[in-house]
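Alright, structures below, take your time with them.
You will see chain A twice below: alongside chain B first, and alongside chain C after that.
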Partner chain A sequence: MGADFVQFSLTPMLIGTLAALACALPGNFLLLRRQALIGDAISHVVLPGIVVAFLITGTVAAWPMMLGASLAAIVAVLLIETIKRLGRIDAGAAMGVVFTAMFAGGVLLLEQSDTSSVHLDVEHALYGNLESLIWLEAEGWGSLFDWAALSQMPPQVVRLAVVLGVVAGFIFVFWNALKISTFDEGFALSLGIRARLLGFGLVVVTAIAAVAAFDAVGSIIVIAMFICPPAAARLMTDDLGRQVAWSAAFALASAVFGYVFAGYGPLWFGAAGSVSAAGMIATVSGLILATACLFGPKRKRIGAAREA
Partner chain B sequence: MRNALQGSIGIVARNGETALAADLSNLPLLIDGLTVSYGEKPAIFSIDASFAAGRMIAIVGPNGAGKSTLIKAALGIVPRLSGTVRVFGQPIEQVRGRMAYVPQRASVDWDFPARVVDVVMMGLYRTLGFLRFAGTKERSTALACLDRVGMADFAERQIGQLSGGQQQRVFLARALAQDADLYLLDEPLAGVDAATERTIMDVLKSLKTEGRTVICVHHDLSTVERYFDDVLLINVRKIAEGPVASTFTDRNLQKTYGGRLAGAHIEQLRLPVE
Partner chain C sequence: MEGFLSALLLQSGYNAALVGIGAALLGIAAGGTGTFIFLRKRSLVSDAAAHATLPGICLAFMAMVAFGGDGRNLTGLMIGSAASAAVALVLVDWISRETRLPEDAAIGAVLSVFFGFGIVLMTVIQTMTSGRQAGLESFLLGSTAGMLFNEAVTIAIAGAVAGLLLLLLHRRMTLVAFDPEFAATTGVDVRSTDLATMGLVLVVTVIGLKVVGLVLIVAMLIIPAVAARFWTERVDRLVAIAAVIGGVSGYTGAAASAAYPNVPTGAIIVLISFGLFAVSLAFAPVRGVVASLYRHVRFQRQVHLRQGLLAVARGEPIFDGLTLKVLRFFGHIRADGVATLSGRAAAAKALRDEARWEVARETHQEDMSVARFDGLTAIEKVFTPDEIAELDRRIGDRIGVVA
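Entry: the complex of A and B
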């Protein structure tokens, strides 16, 4: 593992890991609140936001894209809440309506607009572009201590590190309140916890993670990381703190092993080339979940024991 | 109550503010003209009620009468359409630390990743404050509360492994950890075994002996006289309130249950379930 690794594999791996962690951490709470689909919804609705931002600015620069995506995420969350309230229907149904409609709108817009000059297409939106986020200026491990080379790192590294910091900070600061309001919202309200605001905050943090990760790695990883690591972690322990730790470990393992398998796996089987890193990372997370379902120590539905 | 309230306000007008403070500030819970609505139809409509200190009070009424809504509104969990709630003479927001709440057992998902002691420690949230996590001190407080409800041996159990009665006792232990002066419980005896019912009633009586006020939404008409001092009968509107002996009458029950109960029915409901 020398200069080549640092140049071509280190940053994509790092970006994949940061994105996976940023999505998996809030995913724990979404899962327990039966809102896991919201990560999926947000990662879909950012597409029209990105296309509209491109149509307005004419560039695919990061900040207009992020801004457009964030606005679309906020519009989607408000729409979901409105439909839920006015139609008095299940949150899942409201999400299903909003995110499919907005994603479809995004695809139509993308098709109708002239984006041939830039790298903006549905495939990119789904798989992201992890393999291209290389660090050409790096000459070896020493470059990590070389400011000039560091400043040429793909900007996604810093951006996702900041987002991961925001996500982890939110969960750390509001840990007690999040835990109580996720378990028992009525009790949380009686304690004076602003549970609904906190729930909205969680969705906002989720949106930030989804948008930043989407920009770097595409929506497949985002959807998988919100659900698979936390779901697998839930089967490993009956303690919320440990569940969050397990989910981080699983996210890390998915990103690292997924990237390695994508790059070298086909070679091991005698095939040439490599497969999509984003697809492989999501697949690994799915395999981890499947393994946890079969062998996880807490996989028994606890309710079943009670009835027996 | 409305007359009493207006009377006291009259006194205030004549004698100044101290009279009001002396008259109403002792009341653990005072509700005036409380209306709550989830849709077009109000769940409770213009309810006035006062709850005296150191008493055990039952809120009784048919399904859909707004019993749970009443205590949720008293706790500030659901928004009020109109009316006022005063707890120890103050708005709810200023006295949350003196109120404890036991929600219905079925209102939460017991598959949540937590052990029994974790749930009880949730009752210490307000004493923990910002960015502080539960430690040994909180743990020993929680264990003492679990001991009071006979659940000390279950502290490390996953909450989903408990029976319904045990879950209810854990919720009561969490409320004990809150160390409140006013306890509001939503059907604490619903679907629990006889041993749990005894334990819960013993704990509630000890709270009363300590001078605290206990208000329960209660569904079992046969035990109202045995367990409670006062009763509030509601069916969207208030029907009657006062000491059980003078208020829990066939006539008032008839009004509460709106002719759905014949006299014989009521007699039957008031008999202990064997």
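Entry: the complex of A and C
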């Protein structure tokens, strides 16, 4: 737990945790609104957004990428709604049509354009590169108080911290409105809550979280973090506040243990090297969900226990 | 373009022809199978199956290497991927039945966790000294470039098997998709039919791995079915149209990928089928956007015409711009808003019909055809000439009484 840890493990772990939290918080509401797969769709359409942003600006700077990805996410959500309405197609199929087509477009654009000079490829988009986000300038725990070293931290740390702040702020400010409109949209409308606008806001916040996390950890972990911790939390309690707290705890545990297992796990088995941290974080969140499915105190539907 | 044409005509060499035929068969099987999961509203379950093939591929590779074989044997990898996808489908089913989580959450959870675990295994393989760098990444997005003869044959046979199963099962699957309760009462086992449908999805997914890759295979199951839905209301035609759309996209996509540089097969197949979907969405008769728009405009004009004519007949002023435009278009009023001769005749007829309908509603209260009155159907379409004459007589009587 010395200088090596701070240099090589602290920042990836921190970034993984921040990303997991930023995704898990809005994931709670998506889960309850039966929109869990919106996270899946958004994380797929991020790729074309990023490629288009790269083709326009010619750089892989963070902000144009994030802007492009957010726009792509919003376009995707609008397209899904349009197809659902115009074609009277069910939501799942409409989503499947849109996100696969947009992802395919992204892949084609990527292959067609010359991206050999920059680090932009599909594998990176899918499972990110958490391990590379190290903090070389750190010399030990003391560096945390050293401004010069701090400023050399991977920029993802600050970016994800800001995004987590935005996500948490959105949920905190609109807590009551979100809660009511999630459980009873009609009642929310009668209270004067603009439920549809709020729903769209939730999707936008989801997109921001997905895009920021995607940049650091790849899309697959984003999907896992949107769904697994909230789903496991849903099986623990009937209270929304507690559910959100549980999901944050599960997200934290997935990120930390996932990173530790990925980095040090193979060593315990006597193997050299390490395995994908993003993949391991998703795996750990799945194990947590599996445990909750088997032993969670509220795992059954209401009434199902009595029938059995 | 020349290269594309020759690829379309199977003239670009043996391998390209094999890939083209394989992709077409895959598209047909995927389109047909996808129709049933679309009708059952479970399209995205196949996404879970597709992503869940990754750990199976990796484990199969490791097992084959451990036993001293060639880790890249396609049949072995296909069996491994089918096994892990089957586990995933069972898990999705179990989670959504046994816990309070909805099916979409189960799908997303299983999909991401299996895929994540697959990525972990893939990094393990990369550090294995014995495992030749297998290029397992090619299964993510498919790669037909280096397809071998026996791989193409495997794909063709599996595609044919899927098509055959589809033929055998399509009646049961139709029943279950539309009315599971009724299907159960007629002795169809709903659960096993659902399982068989998922089995077909599994077969298609596994064949598709090599051609379009596991991230995009779900598109071949969903998009053709959704596109076909715009063209017909009958299941057998729906399956056929979806199969054709899938086959055409697969075939032309493979040709385009062979003819042009840097065109990944999977992506172009998906984009072509999306293009066919967009055409269907826009131009299909009845359900297409253009057709609905046309119906809307025609309805709007009918309403404005009727209201305008009634206003003319009653001598009321007309202020609505669209009404004036419609009346002018039919030559019922002049540019200055004064009714023409034909306009006055049509207006008188509209007023008369209104009166006829009023009488008809009283005298034919039990009659469904009168209930259909929406103010727009011409009275001649509902009543025979002598019935109309009878209505006119009653109107005459009434006027006689009042006067």
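Heads up, the rule we're going with is that the second predicted complex is superposed on the first by the 303 of 308 C-alpha atoms of A that agree within 3 Å, B and C clash if a C-alpha of one lies under 4 Å from a C-alpha of the other, contacts with A are read in each partner's own complex, and residues count from 1 in each chain.
The rule is short, and it goes like this: contacts are C-beta pairs under 8 Å (C-beta built on N, C-alpha and C of every residue); 3 or more make two chains touch, one makes a residue touch a chain.
A quick note: this is a predicted structure, and the numbers were derived from the prediction, not measured.
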Checklist entry - Following superposition onto chain A, is the placement of chain B relative to chain C best described as a clash or a fit? => result fit
Checklist entry - Once the shared chain is lined up, is A:Leu240 touching chain B (first), chain C (second), both, or neither of them? => result first
Next on the checklist: So in the superposed three-chain picture, is A:Ala148 touching just chain B, just chain C, both, or none of them (first/second/both/neither)?
Outcome noted: neither
Checklist entry - Which partner does A:Ile193 reach: the first (chain B), the second (chain C), both, or neither? => result first
Next on the checklist: Residues of chain A touched by chain B versus by chain C: which partner has the larger set?
Outcome noted: C
Next on the checklist: In the overlaid three-chain picture, which partner chain does A:Ile227 touch, first (chain B) or second (chain C), both, or neither?
Outcome noted: second
Next on the checklist: Looking at A:Ile180 after the superposition, I want to know if it touches chain B, chain C, both of them or none. Which is it: first, second, both, neither?
Outcome noted: first
Next on the checklist: Under the stated touch criterion, which partner chain does A:Val107 make contact with: chain B (first), chain C (second), both, or neither?
Outcome noted: second
Checklist entry - Can you give the closest approach of chain B to chain C, taken over C-alpha atoms and in whole Å, for the superposition? => result 6
Checklist entry - Can you list the residues of chain A that meet both chain B and chain C? => result 234, 298, 301-302
Item to check | Residue numbers on chain C that touch chain A, as the complex places them | outcome: 38, 41-44, 47, 95, 98-102, 104-105, 107-109, 111-120, 122-124, 127, 137, 140-141, 215-216, 218-219, 222-223, 225-226, 229-230, 262-264, 266-268, 270-271, 274, 277, 281, 287, 289, 292
Checklist entry - In the complex formed with chain C, which residues of chain A make contact? => result 31, 34-37, 39-40, 44, 83, 86-90, 92-97, 100-101, 103-105, 107-108, 111-112, 122-123, 126-127, 220-221, 223-224, 226-228, 231, 234-235, 262, 266, 271-276, 278-283, 285-286, 289, 293, 296, 298-302, 304
Checklist entry - Which residues of chain B touch chain A in their complex? => result 72, 75-77, 93, 96, 99, 101, 103, 107-115, 118-119, 122, 125-126, 128, 131, 133-134, 158, 160-163, 174
Checklist outcome for this item: Listed in rising order, the residues of chain A that touch chain B in the complex are 32, 173, 175-177, 179-180, 182-184, 186-187, 189-193, 234, 237-240, 243, 298, 301-303, 305-306
